[in-house]
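Shared chain: chain A. Partners: chain B in the first complex, chain C in the second.
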Partner chain A sequence: MRSAVARRRSAQWMAYAFLLPALAVYLTFVVGPILVSMYYSLFDWSGVSPRATYVGLQNFARLMGDRVFWKAVGNNLELMLLSILTQMPFALALALLITKGLRGMRFFRTAYFVPHMVPTVAIGILWIYIYDPTMGLLNNLLGELGLWRWQRGWLGEEATALYAVVGTMAWQFIPFYMILFQAALVGIPQELYEAASIDGATGTKAFRYITLPLLKGTIRTAVVLSLVGSLKYFDLIYIMTMGGPNHASELMATYMFKTAFNQFRMGYGSAVAVMSFLIAFVVSSTLLYFTQFRRED
Partner chain B sequence: MSTRGMATATVQVGPTPRVSRWPIWRQRLSTLMSYVLALVWFVVAFTPIFFMVLTAFKTIREFLISPWALPSQWRLTNFASVWASRFPTYLTNSLIVTGVSVLLIVALSSLAAYAFARMAFPGKRPFFLLILAGMMIPIHITLIPVYILTQWMGVYDSILALIGPYVGFALPISVFILTEFFAQIPKELEDAARIDGCTPFQTFYRITLPLATPALATVAIYNLIGAWNEFIFASVLLQSPDAFTLPLGLRQLFGQYGIDTPAVMAAVTLGSLPTILLFILFQEKVVSGLTAGALRS
Partner chain C sequence: MKVRKITWAVTTLLVVGILVLAASPVAAQRKSLEIWHIFTNEHEAAVIERAVERFRADYPDVDVTITVTDNDTYKTKLQVAMAAGTPPDVFNSWGGGWLEAYVDAGMVLPLTEALAKDGWGDIYVPASLELAKFGDDYYAVPLTLAVVVFFYNQQLFDQYGWEPPETWSELLDLVADMRSKGIIPISLANRTKWPGAFYFIYLAHRVGGHEVFLNAYNRVPGYGFDHEAFVRAGELIQELVRAGAFPPGFNGLDHDVGQASALMYSGRAAMHLMGSWFPGQARAEDPEFGQHVGWFPFPRIEGSSADPTEVVAGGDLFSVASTTKHPEEALALLRYITDEQTAADWTRATGRLPAVIGTPIDDPMTADLMAYLENAGYMQLYYDQFLPPELGELHKDTTQAIFGGTMTPLEAARAMEAKAKELLD
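Let's turn to the complex of A and B:
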């Protein structure tokens, strides 16, 4: 009896021993820092000097009236919407195309994925040159086509900066979602289409009544992935526009980064981080709830 | 497992039926349209890449005369000057950081996953949920505390600083994938090993791990690409160019070469080669690793 208890005890210790290394790293670099961020957000602190002044919720009060921050929140939401609208339809269309069973589509599937394997920083730099106002490939192309009036400084103008980066993001992420959709399409049993075609449902009809309903789950997953990603997005905006010009493409993450590490306002930067975390959490759980709810219809 | 989905994908069973009811000319037209669309997207996906690679072989003069023309001869001068810069240092740093991080991620997450999948201990569920919650955490909220932490630990501005956060943020998804996989492995083999007198660690190391190779590969590839591309932590935690990883290094070279577009393109081309080669060599594994990782979150 006693030895059984002792054995279970030692098995439990063994389990903790298996868990401990992962838990230690996780607590040190993920959980701990989140709590510390919340604590820092109550201070006015440069991060460099040891002097930090406790200011209570003042940072948050100031944040409420911070135009740049709210501009960034708006941009994040716009980015979220535009990403879904630009990426999902093309990704789905390409997935349908490469699963058509035509010869040579295997080549296209591989080729289409290559842009997604270019490192993000390389993509950002490459597209800076594509969008360049004087020597850029895009303006050059427009010139060749006689569309001089469309030429502009894509990344340097407030009106187009955010959209230009959205275009680059589409180029990077369409292949990824294409593969997600393709995996789901391949999983649809062929018999369904055969049965449908006997009943006279082919082409668009088959797509409307078989493919789309069966793809719903995957589309939902893709949309959720895309929107969660958009709410915390940073990389290409930071590389290509730095949030500029004049905050036209500022995101919550780039604003936080600049506040903390360029202006060394660590306290305020922490408040920005905590606030964007809350906003992202609220927006994504609302949307998740909404899509979950609709799925039950 | 989506690996199975991907395996079927290679067989290319198209979900769209061969529409027997359509007149032959409509089938032909539809096939033709498919190929036209496939080519159009090929052009969209590859124009930037061709631009990047071709420009890398040009002289500045050639580039200024026409960004579209082929280089008059295939010069390697630009690549040579990139290689003579700090590029090899950046590459080495990235290899070390990525290698060490991935090893630690696989080791720590498989240990923890084994505890979650196979052992009984108090607090199992709360611990599991705590780790899973990490999948929703945006990196930004931890940036400032991690920055301060690395300074305390004395690793700031060295590649060692990156390993902790890379491992910490990779754990949730990795533990999740592996726990799921371990739970599917039949228990009998492990029971037999235990009866033969294996300690829990021996059972885990000799029996379970070898059986989990596909899941370990998924975890390794997903995190390998993540760590290789990582940009935010690297830009916060590294300051001197000798410590830069490839993403930061490419940005540095971009700043250095500036209007020498061909040199920048040579840097970006060289910087993109490792991941593209990885993709070409292990296509299915890379694709399923990326999508499996994403689908779990």
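Let's turn to the complex of A and C:
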């Protein structure tokens, strides 16, 4: 008869064995490409040619003086801030509404969640039509309301392109955070509110002193998700503006794609990728560090 | 323990099974070829399908797989396949700097020898083969040609008594009149940048002729991309923008989802500078509108000595990858999809111009456009395809910025010249 220790050890090995396939996939498709990009970023290489010239850190030196890249970094940071500012409050407000237990709320909950279930490409194209300056819904609506002056070529003007996409992103992601907040709200015991109401704390007071503190963890998670998502954001920008006009809505990821694939500069594109990775890594690990720090106190 | 034994048994069985399958000889001797193209339009895809069907009948031992991908996605997809060293045997290409990048990488089979055999090369409009000539070798054969001209809504023109303009100032007058009638003069969706680039190329050539561009490209002393013809072209674009010729927010409109053609179909816009694939597309998408499409050449500029019959044009070509395992069959397939029979079928089914000399054309407008292209003083390939990709992209970026008024024509020209110095000198 085998000892319990030996059995446990063998079970552990079994667990490791089952982890291996996932690890292999992770190493091949995540860690591997990152390392390979770092390697490529040291070359002047078209991506198809058998000739690649080693140039050391020249690509990075060039990147430091690349106005478009820094514009993209700025846009990413702006996108990050705006996403959090637009998506969190709206999502929380909607979550509060749908947990009120009013009649027909089941319908609203489903309806509000629909945008998140539409594929991103479809959302992008739908909103391209909504923003169409001549025939689009938005400009026509403004026209009907007599707000002619507010009409714009939303996606075509440098001043508005990025914000127009931020609006669409909010439409896409608010439902997701709404569900996240809703789950947390449902988990808050009713007794707390009952006790508070006996003490005279209802309405905004209850929200301020019960709901918000108990949602802290969820809000933190939501902010981290939104932040990391914004730093590596690509899809709606690529679909709706291609980073244009004149790089007004360029992001690090779209710029990387353009340099590597449209301009045939795989080496430089890899340098852009490595820099974006570093920036995203530093920003998100800083944030994670601080949020963890808080949890302890 | 029993479960464990079963697990092991199943695992062993699977592994052995996979090994046996992998080792067994592949269903002998059949050759396979892969072809990639971008003709997502069903009429166009059907023409390729029929050509491949003819090939299959004559080469029963060859399996041909056709993959159709949308234009922009195709370019990325092909680049990845090329980088991995496993491109399709036969693939859609456009000549110019884009193809040259692959030629330089040794990924494209030279066709010069094959074209010389039994007069294969002689069937094509000569200028179309030149699109893919690098050094002394040809690397692609054409299926179709396209010439860029102004298309217009004949009903609107009749209704208001407008005439197609022949000169730049006539165009400006027309634009002013259309504005006063509440019609958008020219439809343009410039997010993808190439539709606006047509204006820049045409204007540069109407001002200075094709020599200016060729000399700038070949780095002839005294010429460059900051030549006054390019600066002037930018100024004329801005003149047109200031005249209100284009729809609001045109730099953000997406050509690929039909925002430019929708303005034409709905009668909100009157003119559209586009490739000769437009009428066929219009007939398919809006048959009612498709019957009222007219065209006129890009206007000449008063006082310019440049040849006003020069045209901006391009084509869809096909190349063979040098990595193909069956070069003989791949070349045969290449011929089937670009021969006289396919050209005739193509023109009939799509209304697009053929690249084979003497192809019968039934549709009068297609015939007109073909004649116009054949009599052109010079055929200029789109700059972004002609130039090395990095310079081509910059040309489109700067032109879009000129349109948007965020760059002066001089700044744009200088940026182009600086990049050209870096890449071409």
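Here is the rule we go by: the second predicted complex is superposed on the first by the 266 of 297 C-alpha atoms of A that agree within 3 Å, B and C clash if a C-alpha of one lies under 4 Å from a C-alpha of the other, contacts with A are read in each partner's own complex, and residues count from 1 in each chain.
The rule we apply is simple: a residue touches a chain if its C-beta (ideal position, glycine included) is under 8 Å from a C-beta of that chain, and two chains touch if they have at least 3 such contacts.
Just so it is clear, the model here is predicted, and its values are computed rather than measured.
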Chain C versus chain B on the shared chain A, clash or fit after superposition: clash
Chain B versus chain C as contact partner of A:156, first or second or both or neither: second
Which of chain B and chain C A:94 touches, first, second, both or neither: first
Which superposed partner A:242 touches (first chain B, second chain C, both, neither): second
Touched partner set for A:265, first chain B, second chain C, both or neither: second
Chain B versus chain C, judged by how many residues of chain A each one touches: B
Touching partner for A:135 - first (chain B), second (chain C), both, neither: both
Chain B versus chain C as contact partner of A:47, first or second or both or neither: both
Which superposed partner A:125 touches (first chain B, second chain C, both, neither): both
Which of chain B and chain C A:185 touches, first, second, both or neither: first
127-135, 181-189 or 253-261: stretch of chain C that collides with chain B: 253-261
Where chain A meets both chain C and chain B, residue numbers: 47, 125, 128-129, 135, 261, 266
Chain B residues touching chain A - in the complex, by the definition given at the top: 2, 5-6, 8-10, 12-22, 31, 34-35, 37-38, 41-42, 44-49, 51-52, 55, 63-64, 67-68, 104, 107-109, 111-112, 114-116, 119-122, 124, 127, 130-131, 134, 136-149, 164-165, 167-169, 171-172, 175, 200-201, 204, 228-229, 231-232, 236, 246-248, 250-251, 254, 261, 264-265, 268, 271-272, 275-276, 278-279, 283, 286-287, 290-291, 294-295, 297
Partner chain C, residues of chain A touching it in the complex: 46-51, 125, 128-129, 131-135, 151-158, 161, 240-242, 244-247, 258, 261-266
In the complex, chain C residues that touch chain A: 75-76, 79, 82-83, 101-102, 104-107, 184, 190-193, 247-254, 257, 259, 262-263, 266, 268, 388-390, 393, 397, 400-401, 404, 406-407
Residues of chain A touching chain B in the complex: 11-12, 14-16, 18-19, 21-23, 25-26, 28-34, 36-37, 40, 47, 90, 93-94, 96-102, 104-106, 108, 110-122, 125-130, 135, 137, 140, 171, 175-176, 179-180, 182-188, 190, 193-194, 197, 200, 202-203, 206-207, 211, 221, 225, 228, 231-232, 234-235, 238-239, 252-253, 256-257, 260-261, 266, 269-270, 273-274, 276-277, 280-281, 284
